[in-house]
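Two complexes come next, and they have one chain in common, chain A, joined by chain B in the first and chain C in the second.
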Partner chain A sequence: MTATQTGGTLRVPARTTAGTSSAARGWRRYRPATFYGFIAPWLAGFVLLTLFPLGYALWLSTTNYDGMTGRYRYVGLDNYTAIASDPDALHALARTGLYTLGTVPLSIAFGLLLAVLLNQQIRARGAFRALIYLPAVVPIVGSALCFKMLFNADFGAVNAVIGLVGIPPVDWLSDPGVFVVLVAVTLWGVGASMIISLSGLQGIPRELQEAARVDGAGAWQVFSKITLPLLSPIILFQVITGIIGSVQGFVAPLLLTASSGTASVTSVPQSTYLYMIHVYAQYFAYGRFGYASALLWVLFVLILLLTVVIFRVSARAVFYENAPDTPTRRRRTRETPEVTR
Partner chain B sequence: MTVLERPATLPTPALGPAPSRRAGRRRRRAVYVPLVVIAVAFLIPLVWLVSISLNDDAGLASGSLLPKTLHWSNYRDAVTLIPFGRYAVTSLLLAGVHAVLATLSSAMVGFGFARLRARGKGVLFMIVIATMMVPAIVTLIPTYLIFARIGLVYTYWPWVLWGLGGSAFLIFLFRQAFSAMPSDLEDAAIIDGCGWMRMFVSVFLPLAKAPCLAGFILTFTGGWADFISPSLFLSNDQTTLAVGLSAGYTTPAGTPLYTTLAAGAVLYILPVLVIFLVLQRGFVNGFVTSGMK
Partner chain C sequence: MGATLTRRRLLAGAAGAAAAAALGGCGTDDPNTLVVMGNNPAEVTDQDVAEFVHAHPGVTVKFVAVDQSLLTAMFAAGNPPDLVRDQGVNNTPYLVARDLAENLDPYFARSTALSVDKLAPANDVWRYDGSRQGSGPRYGLVKDYSQDAMFWCNTTVFDAAGVDLPSTTEPIDYDEWLDLARRLTKRNGAQYRTYGLVPPFDNSLSAGFINMVSSAGGSIFSEDFSTVDFSSPEAAAALRWYLTYAADQVGSTVARPLPAGSSPTFSADQLAMLGYGYWFSGLVSADDTLAKDVMFFPAPRFGPKRTSPCLAGTGFWIPKRAKHKDLAWAFCEHYFGGPPATRRAQSGWGLPGITSLLSDLPSDKPYQRQALGVQKTELDHFSVLDFSPYVAYTALDASLSQQLRKGIEAGLPAGKVADLINDTLNPLLKLGKELVS
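And now, the complex of A and B:
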């Protein structure tokens, strides 16, 4: 990487032709214009729909723009220091942390357990897999409405069931019960995690597990010493995507708590007042574009930091088949498919 | 666990005492019982939704768990009380256009990353992967503010643009698929005098039907489910079913009409479930995750 960055110009003498078998192939494979032509749609999209909006938000976050008057001025880092003294923002951040800590590990563990069960040779395995995965394909608006009906205080099935054992009806959709409903609707989609873990389990060579059995390992030992380490990259992947998904939590808390038809970010109760709800409210309910953009950037940076930290911390725990220090080093197979051909 | 899977004819002396038949049965029960309980529990929310969609207010108030008579009229109300058909067409159109464009565009970009070479390719691919880590909502709101300034809000253009830009995950998926194809294909095409674009369109793309289908289905269902973009970028009249559904179905006074809402929700969820059940094998057996292996 560093080598390519130092060049600066487009001409690269001789370096690129190293490693090809036939020079005759070379001319067509190394025309950079063709490559850039092919990736142009993504590149344009990346610059215009990702980089530019991010930069625009960063610029907005240093102003007091309100989206209405068109008059604004540069305020430096004021918006960022304001976050530290905004109790709602801090509360929302803590809530989001709690929600993430509560749902991500639970989803992964539950998904893994289901994957192990569904990886057995059992009858109707396909049907079980389909049924348990089914809720994961239900659109979020649909699942939020489902759970709103299920936990409705007056006619919900949950209150009917707990009524059978004599518990008085609970108003689930307001504080603090609504947090339980939010966690429940999230866990309902555990099938997504189950499928990923299942595909990981299917990729583990059976000989490894059988060899361990032959050596006298019990089922738990095989799972913890062989299966789990081999699954660790997939678990890491789920941790990271799970965190990124759950800090964006917005639609479910919004739809779960709107008492009447129209959902409004300002009516979301305390216990599900997640960070994105706060951001959205600052933008579109209060028109504090500059401040809300600062909130957005704080979230973005937090996610970046968290991802880096998780990668660092997990470096020891995660087992890669083609880790750099193992003798059978084969980095090329995954990273650069051209070399193998 | 693996002992169970071994064919009975294989002698397994090295494994110690063979598990007795009763132990096997107990173990099988330990797998089936939790699975049945969980599968049933997971179906309850959907069953409940359908049950409410066939009930009436009196039935709900009486607290009976299942409707006494089936009120199919709720479904008629669901499609007439709000412009259900128009919302559904918008959802279909936006999700469809976005999915087609995103699939084709990602295929093209994935082909570039798999088959072509240029300076900076490695770095660019790292950026593709890194964009998967950028929370979508962080770019979405500023995009809305920008589009509002240049008049792209309250039009369907954002979906076209997002589609053309492709999706990082699909690019990754297509890169994997195109990398795995033999290079003889290229040589043959070159000998026939094909350019790279022709080669992509008429040689490689037809061979990538599975990732194309996967990409289309994933993007389409994602678009059908999307709530935030249409609620931001579209007015209430031109919005999609996801937004229309969650905002409509109230009496003029604002009291929610639960039975009608439930019927509308069933109609909204149903197409996705049908797609899933038809392609269930593909979903469950891994095209969702095929890029990750």
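And now, the complex of A and C:
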């Protein structure tokens, strides 16, 4: 099959069956099996690691199961109504919302700023890119423990530095200072956002920016009118994945807590007691498997709703160079095999 | 894979694979494989295992990590381990009420390696008669134990502060203990040079509180263990003591745990008094400098009654639904009554669960002799704490930790904190009672 280009249109010859060999016809019989064979590993993983746990958690959320006792019973929606009267759950949810509102825009903005800087023709650009991306490769366990040492009240470097200018030592790892440390740990991984934005920047055709400059646009206008709109799908992707990651924040607050073991989950200071910490505490410290599963389902539905809302709201703000397929467009493409450049 | 593989069959196959994997768990049907949820090689050494395997040719011992979520999953899959490491003090009534643990009395009756009369009284923490802990059938054994409300002093910190050491024969009371801590704490705002005290709450907050309340002659539980009352005079006094201790900022609290942990801080001469039991002697033996600077003391008294319980009683139990219970018991005979028990006693990491092994405890160094002397006297005051069968001790600890933290941060009075704890725990106890009744 070959394509010919005439003007701005790429013409693809329609497929014919006239010359199809019997071997190809024979192979076609196996196409469904081949398809399912290739997707089977993903499908098994999806069923095993996503669908089954989701269904299991939904079922658990309607019981009073405590994790060990076989004699549990159906309680209907009691666990869901209990959430509304659980101040710890509501506070944790609100706190998680604040944490998300604070860290997601900051991460994306810093990442974009760094990406723009590292997209310039500067000396040792590769080295800078690698250095800034490096913290994102370090596991969160490593970076959180490093921050814990840096912010240690008794022998941490941060108190030593602020002590030089006469500021009294601060107990960073307790309330309310620990929230600052958590935000710092989160932003430390800004290299991940930077690398995504950088790849987006490199995909923007230079001729568009150059044309704007020729038309008299300044640097800010080029960035705000050309670069940013073309980068908007990448930013949308980061917003959605960032929100999902933030509302599931768990490891960093736990690691910043001084104690260890199951009890540590309830020693997490109030200002970093995020929603998932509360869920974990309900599961494994309190043994309320039914209630904790209800908490998880509420979070799952909230994330779904939030994602839908963001997609709807962003529909006007996000610019797609190649608009997503619409049913009309798909139908036309099938009937007329040509792609407009 | 042929052309007959349809979407429906594929989905059904995937669902089947998921169900099989979910129900498979980690246990095994192999009659020669013993699945142990334990710490290997830290607590069950490779030598312990090798000796057992040598005596039982063809047997394999498979370890799985000690993890509550894994244990839950294995039970849910109907495939529990054959032996589970656990704390008898806080868990026995909970396990027995849920019919999870095997009654070991018939195994003792036919055993030649382990007999009840050889067991140290601390093994009673693994007994439960359906209403009280400490009597009735045995459901587990302690690998070693300590009277964990006792404490260690770092004499270097005492000398530096010019403070006299407490008596090694008569227990001080909790208020005197707090006063000592105040005099030993040296800090500049949030930055500490030395901490005064870490009370015996590191292992379990609830066990520490139950001990204090018991010393004052009360109980946090109602007679039938179906409710808690932290507003009772004895429990409120214990809460008040903790809140005062936290307000005085003399040591580790739930709101401000020691940044480096208790043992390292004590070893670094930055903590004066550490509420750990005899087992800490094993850790000290590895540090010659620290060994010259430590002394061991009797458990402080909170009320008129002198109590010195074990707050953990770590050992093993056999799940009722385990597949290889006889093999698990054979391992128990070896581990609790054979050479591994002797080696553990000789290491000093806790008192032996077999009384005759007391003579194997180390006494070469001066600190070991001092600690052993105090410990032997303390044995007369051993007692078993009461826990409720209706709630896991992790929930007790979690509630105490969360509500005390709120109390400390908001400066709440003990009565308000007691109400918060009662409001969190009583619904859980009600649910637990409903589940096991």
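Just so we're on the same page, the second predicted complex is superposed on the first by the 289 of 341 C-alpha atoms of A that agree within 3 Å, B and C clash if a C-alpha of one lies under 4 Å from a C-alpha of the other, contacts with A are read in each partner's own complex, and residues count from 1 in each chain.
Keep in mind that, in the parts below, contacts are C-beta pairs under 8 Å (C-beta built on N, C-alpha and C of every residue); 3 or more make two chains touch, one makes a residue touch a chain.
Bear in mind that the values here come from a model prediction, so they are computed numbers and not experimental data.
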Should the pairing of chain B and chain C on chain A count as a clash or a fit in the superposition?
-> clash
When the two structures are overlaid on chain A, which partner does A:P135 contact: first (chain B), second (chain C), both, or neither?
-> first
Between chain B (first) and chain C (second), which does A:L255 come into contact with in this model arrangement: first, second, both, or neither?
-> first
Counting only touches as set out at the top, which of chain B and chain C does A:G203 meet: first, second, both, neither?
-> first
Chain A residues touched by each partner, larger count belonging to chain B or chain C | B
Can A:D86 be said to touch chain B (first), chain C (second), both, or neither?
-> neither
Should A:N152 be classified as contacting the first partner (chain B), the second (chain C), both, or neither?
-> both
Based on the superposed arrangement, let me know which partner A:Y286 touches: chain B (first), chain C (second), both, or neither?
-> second
May I ask you to decide whether A:Y36 touches chain B, chain C, both, or neither, giving the answer as first, second, both or neither?
-> both
Check the residue A:S174 against both partner chains and state whether it touches chain B (first), chain C (second), both, or neither.
-> second
Which of the two partners, first being chain B and second being chain C, lies in contact with A:D78: first, second, both, or neither?
-> neither
Which parts of chain A are touched by chain B and by chain C alike?
-> 29-30, 32-33, 36-37, 43-44, 46, 48, 52, 56, 67, 152, 154-155, 258, 260, 262-263, 283, 289
Complex interface listing, chain B residues touching chain A = 1-5, 14-16, 28, 31-32, 34-35, 38-39, 42-46, 48-49, 52, 60-61, 63, 65, 105-106, 108-109, 111-114, 116-124, 127-128, 131, 133-143, 145-146, 161-162, 164-166, 171, 179-180, 183, 190, 196, 200, 221, 224-225, 227-228, 242, 245-250, 254-256, 258, 261-262, 265, 268-269, 272-273, 276-277, 280-281, 283-284, 286, 288-289, 292-293
Spell out the part of chain A that touches chain B in their complex, as residue ranges.
-> 1, 4-5, 7, 10, 12, 16, 28-39, 41-46, 48-50, 52-54, 56-57, 60, 67, 114, 117-118, 120-122, 126, 128-135, 137-147, 149-150, 152, 154-155, 157, 160, 188, 191, 195-196, 199, 202-203, 206, 209-210, 213-214, 216, 219, 222, 234, 237, 240, 244, 247-248, 250-251, 255, 258, 260-263, 276, 279-280, 283, 289, 292-293, 296, 299-300, 303-304, 307, 336-338, 341
Given the complex, residues on chain C that touch chain A span 1-7, 10-11, 13-15, 17-19, 21-22, 68-69, 72, 75, 94, 98, 100, 188-192, 204-205, 254-261, 270, 391-392, 394-395, 397-399, 401-402, 405-406, 409, 428, 431-432, 434-436
Mind pulling up the chain A residues that touch chain C in the complex?
-> 29-30, 32-33, 36-37, 40, 43-44, 46-48, 51-52, 56, 64, 66-72, 88, 148, 152-155, 159, 168-171, 173-175, 257-260, 262-263, 265-267, 269-270, 281, 283-289
